[in-house]
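Next come two complexes built around chain A: one with chain B, the other with chain C.
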Partner chain A sequence: MPKPLLSARYRVVVRDAQGRIKRIEEAPSKSFILNFLYAWWLFLNLIGTDSISVVNSSGQQITVTLGQPDGWDYTVNVRVSPYAGIQVGSGTSSPSASSPYLESLILSGTGSGQLVYGTNIMTSPLISTNPGTMQITNTFTNNSGGSVTVGEIGFAPSLGNWQISPITYGACLFIHDVLSPAASVPNGGTITVTYTLQVNT
Partner chain B sequence: MGIHLSALVLVRNKNGKVVKRRKLRLHSATYQFAQFMYEMFTAQVSPSIQYSPITIQGMAVYSQAPSAQALTPSAGGVLYLVPVSSSFGANGTTSQVVNPIIGLGNGTLTFSPSIAQLAGPILIYSAYSSSEATPNLTEASPPGAYPNNPSISYASFYFSPAIFQNNTSSTVTVSELGWYAALYLTNPVTSFNTLMTHDNISPSISIAAGGTLTVTFTVELE
Partner chain C sequence: MSIKLVRIAKRRRNKEPELGIYGYITFKVIDHGKVVMRSRRQMHSLTALWILEMWLGYNGTAPSFVAYSPNSFVIISPATFSWFSQGFWIVASSPYVGIVVGTGQNPKAPNTFTLASPVTSSSTGLTYGALSMPSPTVSGNTSTLSMSRTFVNNGSSPITLTEAAIVAYVSNGDSWTVNYDMALAYDYISPSITLQPEQTLTVTYQIQVTT
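Coming up: the complex of A and B.
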């Protein structure tokens, strides 16, 4: 199998309320999804009526119609917090390339089944090794009062129309992976998800 | 699993007959590719990035061998991949068009992510330019490569073919292939092309006098 130009790995670390590591898992990411191709294509072939599926700041699934080239772009840290960057969900079904969302997004909060989304941290590209890498990490804290099960994770940069009325934007899922078995995050504990994007040379 | 870029290469003789057909996997991304991906995801341009702007003349072809140059974005600058249907001014003018282009070379690359140009770039001239003295190849399908709609069935999209014609009286050998994407920086405002992928072609491809080379890029999800 020829190496791809762009691939990814993920690492998941679950800690209990005392900070003790309960689980570490690292594996190649299996599923880039079609959103990524659409995003590239939209970048390359600007047409004002093209649209793409995203998750907005309330966790709702919406469609963004894109406009002019200086009116939209990708970012992970602004505009769409908290769902841009790393996402976690409770679904366990195998990812589908044609599905633009996690099966069941875990909302940010302290209610039952929810996790508090942290801040995405993205490293600058490291190219002294082959493959070149860059990482994005986020830590999710369980303050729900009970355990929360994470069955799926994803990488979803925000993508939107920033300057053309109406301004719309959301987290656009590019990579989707299922954890098997699902990870149980105890109350007071955390789950840290790191995606390493690999640029092969 | 990941994102693949491949190129379908067709060589025709002067009578239009296909004499070679190959599908090439493009294996090697450059630092510029990695940097652009990072910038895409963060909307932050590193102050230390090195790009390799090339001189644009005519319709999306280069008339000089590209030379690596430093580009230092100012604070707040945002980098965009230029859609091919846009028309940003290049090199301080508004009359020139910058498009993603295909670079061809006759050298041999030593693979390194820091490569910013092909080892032996072949000069490519616009079909509309008559001022060049000794062109190696002429781009016969200006202004470059346009992407077509993504195919859901095959999880891919492809660029319309770029055709290069050998108008010299001798055979032109192509041994390296690169994708120069067009980028646009908001601060300072500038647009330029930069090498995103670079691959050797082995064995090399020969284009007879009067013949053509057709290159079709495809982006695939696997």
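Coming up: the complex of A and C.
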């Protein structure tokens, strides 16, 4: 059976306010979406201009227009903080290939239904081993006063059109997974999401 | 401590394909307007450039890796791409980006970023055509990115091709002072393809994701 060229796995760990583990889930990522290929196509095909759907640093859905000589600005923790890197949402519907967003992005904050986004941690990539891998982790803290349900997660590195005015950055969703059942994060608790990307040769 | 292990997915080997991105290469040889060979093969090797691209933004120091510019091999030092707001494209005037072919074989490894023996474009040898790369398409749950290039043997001798790659032009986009050609994907052409004089080879890559 052939191996995929590129695959991903996710790991979800939910802890209560005392740090006790309440749930662990680890599974192959099911859904790379069209946005992934589209973003690569845009940057490989730097002729003229085109646009792509992303989320800005306020969590709003926006469109970024890209054009030569733009390129990857593959960052997390800056520019589109906190929504670049790993995102969490409350939706539970199956991902759609052509939908570039989580169904219902959970905003960063302490209000009802919100989680405080942490800082993305990326391990140094392994490129001289087979498979080559890269890992990114983020922890989301529930200070909302009630439980928060996480039904979906995603990997969304930032990109930017820093050669076009006005400069615009956005978090571009590449991978979208649904947790089944959804994960309930108790007040004071955390949910840690780790994505591992793997290149097989 | 209460640990609820909801799911650890284990896909049965040899029964279900692993989830992820798959790729295919189609080779078509035309001789005086007639298709004399057509072969669709599985891609095996994306390189770690896909991963490096996602990691190098502001995330510290890059590992050393090898690139070529276009045919002289160089070691890129760790510091070179520590700021790697990349320029990164393959549709360019140079024939050495996009789909390229060669007559050697490098190890299949994530950090194989070059052909072993690239065949350069020549009007009296293997002539590279323009790269075609339409925007990705989606059909149901499957999205596809395709690209293709045609090569014509305008020489007087057969040319046997044993390797192919998708090569991107990579730059430290903040200053555009460091520019290299690096393979995004590297595959053996196995069995090899021998292109006779006046024959045309079209190589088409298809990279597919399933949602």
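Going forward, the second predicted complex is superposed on the first by the 191 of 201 C-alpha atoms of A that agree within 3 Å, B and C clash if a C-alpha of one lies under 4 Å from a C-alpha of the other, contacts with A are read in each partner's own complex, and residues count from 1 in each chain.
FYI, a contact is a pair of C-beta atoms (placed from the backbone, for glycine too) under 8 Å apart; a residue touches a chain by one contact, two chains touch by 3 or more.
What you are looking at is a predicted structure, and each value in this text was computed from that prediction instead of being measured.
K.L.:
Looking at the combined model built on chain A, do chain B and chain C fit side by side or clash?
P.N.:
Clash - chain B and chain C, as placed by superposing on chain A, overlap.
K.L.:
Answer with first, second, both or neither: which of chain B and chain C does A:41 touch in the superposed model?
P.N.:
It touches chain B and chain C both.
K.L.:
As a test of reading the superposition: which chain, chain B or chain C, is in touch with more residues of chain A?
P.N.:
C
K.L.:
Taking the superposition on A as described, I'd like to know which of chain B and chain C A:20 touches: first, second, both or neither.
P.N.:
Once the two structures are laid over each other on A, A:20 reaches chain C alone.
K.L.:
Which residues would you name on chain A as touching chain B in one complex and chain C in the other?
P.N.:
On chain A, the overlap between the chain B and chain C contacts is residues 2-8, 28-34, 36-38, 40-41, 43-47, 69, 73-78, 97-98, 122, 124-125, 127, 130, 132, 134, 157, 197, 199-201.
K.L.:
Could you please specify the touching residues of chain A with respect to chain C in the complex?
P.N.:
Against chain C, the touching part of chain A is residues 1-8, 20-34, 36-38, 40-41, 43-47, 50, 68-69, 71-78, 95-98, 122, 124-134, 157-158, 162, 176, 181, 197, 199-201.
K.L.:
Write out the stretch or stretches of chain B touching chain A in their complex.
P.N.:
Listed in rising order, the residues of chain B that touch chain A are 1-5, 25-31, 33-35, 37-38, 40-43, 46, 78, 80-86, 100, 111-114, 146-150, 152, 155-157, 184, 186, 197, 219, 221-222.
K.L.:
Looking at the complex, which residues from chain C come into contact with chain A?
P.N.:
So the residues of chain C touching chain A come out as 1-9, 11, 13-23, 42-48, 50-60, 63, 65, 84-91, 108-112, 133, 135-136, 138, 140-145, 168, 171, 173, 176, 185-186, 207, 209-211.
K.L.:
Which bits of chain A are touching chain B when the two form their complex?
P.N.:
It is residues 2-8, 28-34, 36-38, 40-41, 43-47, 69-70, 73-78, 97-98, 122, 124-125, 127, 130, 132, 134, 136, 157, 197-201 of chain A that touch chain B.
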